[in-house]
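Order of writing sets the chain letters: A, B, C, D and E. Residues in each chain are counted from 1.
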């Protein structure tokens, strides 16, 4: 979209005594920046990286405070070359995927129960609000007692983290659905389940997306703890091990991997949002 | 190498100097140096200030030493190896030798395992990078097994206890006071101890920057002297020490007394001599072979022997509370 | 303004348009085309609805017979929408007794389309079976929205949204049709089309209709009865016993209009009156 | 239906009501009360606005002079609200040139009250200085909402919300007042009050008004010019050169009404016409 | 509110041939349960507690798996009596309060920057999305290097956890504000800051509340890790120490304290919501 002619000059109006001062409505097309979106979005992280490198090479950031990106890259390359990182990622990915599935199901189900019925809320919500604060770490021994030291406690820990996050946001989403739409749905003869499917869930979707966004991160975080339990592979294990063995460079590599995972998760959720929330004409910043 | 400062270090604590303005940042663990020093009355009339910092275990304490947040702190025999392996800025300045009877590989009540060789194919819980980790490797080697011959379950002590007490693992490589706890409470049985397998040493590790500071180095020397005297006190008053320790940590008194008699009370201050360095080098090489340390390195580079003066050799036998107590 | 609205809408002979406030058992109305002329479609007795202690509806009584087209007028804020919500079964914080048919359809004052469903899905929402998109398309075509059937609701203009909401109510084929100012945002021509559509459905199904409107002419063109609500009750109940198709030029029409405007508090002295 | 609307609204002498589409420099209008009669208040040239490739506004030209009351009519979905949004400076995805005064006030088609502010705060929102609640109360009183000034917007009835939105636009004392069907949800009496209010503000401030409405009578009662929009442009531009106060019974009024209805596509053969 | 007369019987209508089947609109007053809200909300947690006690006393839950509520209560009483718990709570409360303040400020500020401007979003959002996945635990060594072992790294850790949570929800909240209201605000002549204050922030408030709810929990969670760094007081320290020395009863007491804190946080946020979101007539379950 281009402008056929430039916005007219106000001075065209001869200066008379009582003339209203007019302002032009400037077409957005003339103001638009032509940097593609993905490039602009990568600018932030790249800037951070550049800053890091500059600070490192100028010696402001000493290597024992934070190694330079170059050093980290070398350490990372090594970890990839000797297969540690790829195999760790693979193992962790499986755990995270399973944990996500269970967590998402449980979180959404609980949120539905307490979001949709007063009784459910009274019974479930208070309990969940109470339990979600409990730190995972303290639960690990209990999980081992209940679920052993195989994959079960690891996946349970991940699911737990995911479920609480999702619960909270989906629940808030459900409670934020416009009552007018619920009424409309009821009056259209929707059954209880129809109401849930066609009105409540879509209405709670934006909230669920936020929950999902954090859930993805939480899943990877929970991994660090779950892979303290009898693991000998996985990114969390690599990181825990690096801590025990003072391998700061490996820790930073792991952190970078995590950051990368965070970006990936963000892209996944953004794509989902673009697909699922296209009906939503909301504020997008200026 | 030693310096002139080392000369006064072994002297008594009443040296005046400029120590009044010195603050020694000491890293500690719960029920550790501060508790024993206080119980032994060694925190009275200290000519410098001591600022205590408490850590949950050796590795974070050494992280703090490396970050120069702490001047000196006591840890076990493996954390310095890993810290050195990662080229952290840490220097070993003191050591003590205790009985290795508390470092055991235990099996749950009713287990039919009788020797280390029986562990082949069985699962063993162990905290990664701990002294027990090395002990496991060494014990297995002594029985002609490799680490890969057993199923290693890496678990932190609290988690391992849960697994061990429910029979989720077949055995557990662990140290005191955990040993005393499980032996007393769960009827577990000792498969083997660390005697003759591990060196039984623990270390005082200082920051090189603190050692370079004349006053601080002097204070460190004085501090090491106090620790040595406190250890002597603990050996002479095991019950009293156990009482203080149990109160401080929340351990049951009986367990604490067991642990004092089995290991913690048996410590004797020793020199960081070549024998000590060699035994640590062995640990370093073992872990390097397991690829838990990226490269082979020389442990001696991380040792400062200036405070060795007047201390017995590192292979001085630990004290015992046997018949000949006192 | 409204012209030959009833071009094709001819009520069957025998249709009673006079008020029958007595007990349904004593009703004398003969059946309409679909045979639901007897009995009652809506019965409200002593209905009270209060917000924060202020009774918006205050012991209101109302009977609507099956097949009766009732218009409801009243000052803004007098409680028309509140009454409709009660009849739709959406507001149960009430006292009094209310009986309504099971099959009800509502077109709300604001369109209330689900923003996450394209227009045609909004129209089909809640319909039994799995009706085809064609069903929706046809309903939308009738309100002049065929070309927007795939659009997201938030991209509709005010009048388009209102028509979509109307289409959604009309495809439901209810026994009681509740319309809350369904033509308020429509231009003259579109309004006539929409009015005719409602009239056609009403004639075909013989359903009871309760239409809230502010347009006196509209009420008189369409309804059998024009109610005026005031102070929480039905203050005036005007039978509209005019033959259909109706002509706004008819002196009886003008007289009714004058009466209604009077009831609504509009000072309509003859000079300013358009008939 | 509209009665003695202009009881108290008398335009000052010298007020030009005929159209002046020529360049502002050549305008001959003398000043109104506030002295902004010369020049131009709105100038639109070659305005195009397309949604998804469909041009809803298509090279539209429009000039409105200061102090001119313009009514905009058109089929539902023809682009009236879109044009208003552009003039309000809210939609910049346009081609063409648009000049408007800095001080503008809009009453949107849907009330758009901030749900998190009580009605009176909504009215004062964005006003410079820290006006007193009394200012809002008075404005609300004028639209008959004094008793609801402390209510949350979502508890308002449809007409009440529309009036609150109108009050919010009117307290702003703008140079250009953009009203998008501001009386659509009001009953006859309330509507007359609201119309009179707008007329009064217009007379007092001498601001330019662009009123979107579907009510032909309303347009003819209030406006100096009645525009009909079609196919993305102003298709018809009817000067309303009737003396005020206006009388819908006046034959010139009836003729204009007939012309407008014709332009709007309503088949208004004399028989069905109400005059 | 009571019903003046019972809902009429449908059978009053004489059975004629073509009578419409009518249904009564049943007044809500006649269906209302008369159990007060707070009682119903405590039902869930109480039920959980009862279940725990029953399982314990019947021996299904062995004491070494999970001690009985009675045992825990005794241990708790002891910890309170000897002053451990109260003083720990006090110290932790201070840390949490400080961390919350910084975290809330930072999170909201970042969310505003990236929620309000496209440029801000491009620069900030991608970086935050990247960094928020990074596990705290891995950061501890870095924090020690950067901030020492005093209060600073502890509070920084808490702030970090809080900030990311709040960021995500406030950002989503801002992006969920109805564009129509933004337009209305603009047309009312609100300045950019006025728009933020009167339209964007109130519109993002429901999202912020959800964020706050989780932030409160996160703050206490982060405490467990932050009090691994040179602490000898605080609830996180008590728990870590109990873990070191196998005091299962103390661990469970800590978990119970955490659960209690979770409930308190929930009550705080609920009260805030009641105050700040009273304008919102939304779906509240049936």
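Going forward, contacts are C-beta pairs under 8 Å (C-beta built on N, C-alpha and C of every residue); 3 or more make two chains touch, one makes a residue touch a chain.
Small disclaimer: the values here were computed from a predicted structure and weren't measured.
Q: Taking CA centroids for every chain, report which one is farthest away from chain C.
A: Here the answer is chain B, farthest from chain C.
Q: Any chance you could check whether D-E or A-D wins on number of contacting C-beta pairs?
A: A-D
Q: Quick check for the class: compute each chain's Cα centroid; which one is farthest from the centroid of chain D?
A: The chain farthest from chain D, judged by C-alpha centres, is B.
Q: Just give me the whole-number Å value for how far the CA centre of chain A lies from that of chain D.
A: Roughly 46 Å separates the two chain centres.
Q: Take the average of all CA coordinates in chain B, do the same for chain D, and state the distance between these two points in whole angstrom.
A: 86
Q: What is the distance in Å between the mean C-alpha positions of chain B and chain E?
A: 42
Q: Scan chain C for residues touching two or more other chains and write them down.
A: Where chain C meets two or more other chains at a single residue, that happens at 89, 110, 155.
Q: For chain E, write out the residues touching at least two other chains, lowest number first.
A: 64-65, 140-141, 145, 203, 243, 280-281 - these are the residues of chain E that touch more than one other chain.
Q: By the touch rule stated above, which residues of chain B touch at least two different other chains?
A: Within chain B, residues 63, 66, 156, 158, 161, 166 contact more than one other chain.
Q: Return all touching chain pairs.
A: Contact pairs between chains: A-B, A-C, A-D, A-E, B-E, C-D, C-E, D-E.
Q: Which residues of chain D touch chain A once you look at their complex with the stated criterion?
A: For chain D paired with chain A, touching residues are 24-25, 31, 35-41, 43, 45-46, 66, 86-87, 89, 92-102, 175.
Q: Per the contact definition, I'd like the list of chain A residues that touch chain C in the complex.
A: Residues in contact with chain C: 180-181, 183-190, 194, 198-199, 202-203, 205, 278-281.
Q: Which chain B residues qualify as touching chain E in the complex?
A: Residues 27, 30, 52-57, 60, 63-64, 66-67, 69-70, 156-158, 161, 165-166, 177-178, 181, 249-251 of chain B touch chain E in their complex.
Q: Where on chain D does chain E make contact in their complex?
A: Residue list for chain D touching chain E: 85, 88-90, 103-106, 108, 110, 112-117, 125-128, 152-155, 168, 172.
Q: In their shared complex, at which residues does chain A touch chain D?
A: Residue list for chain A touching chain D: 1-5, 7-8, 10, 13-14, 16-29, 31.
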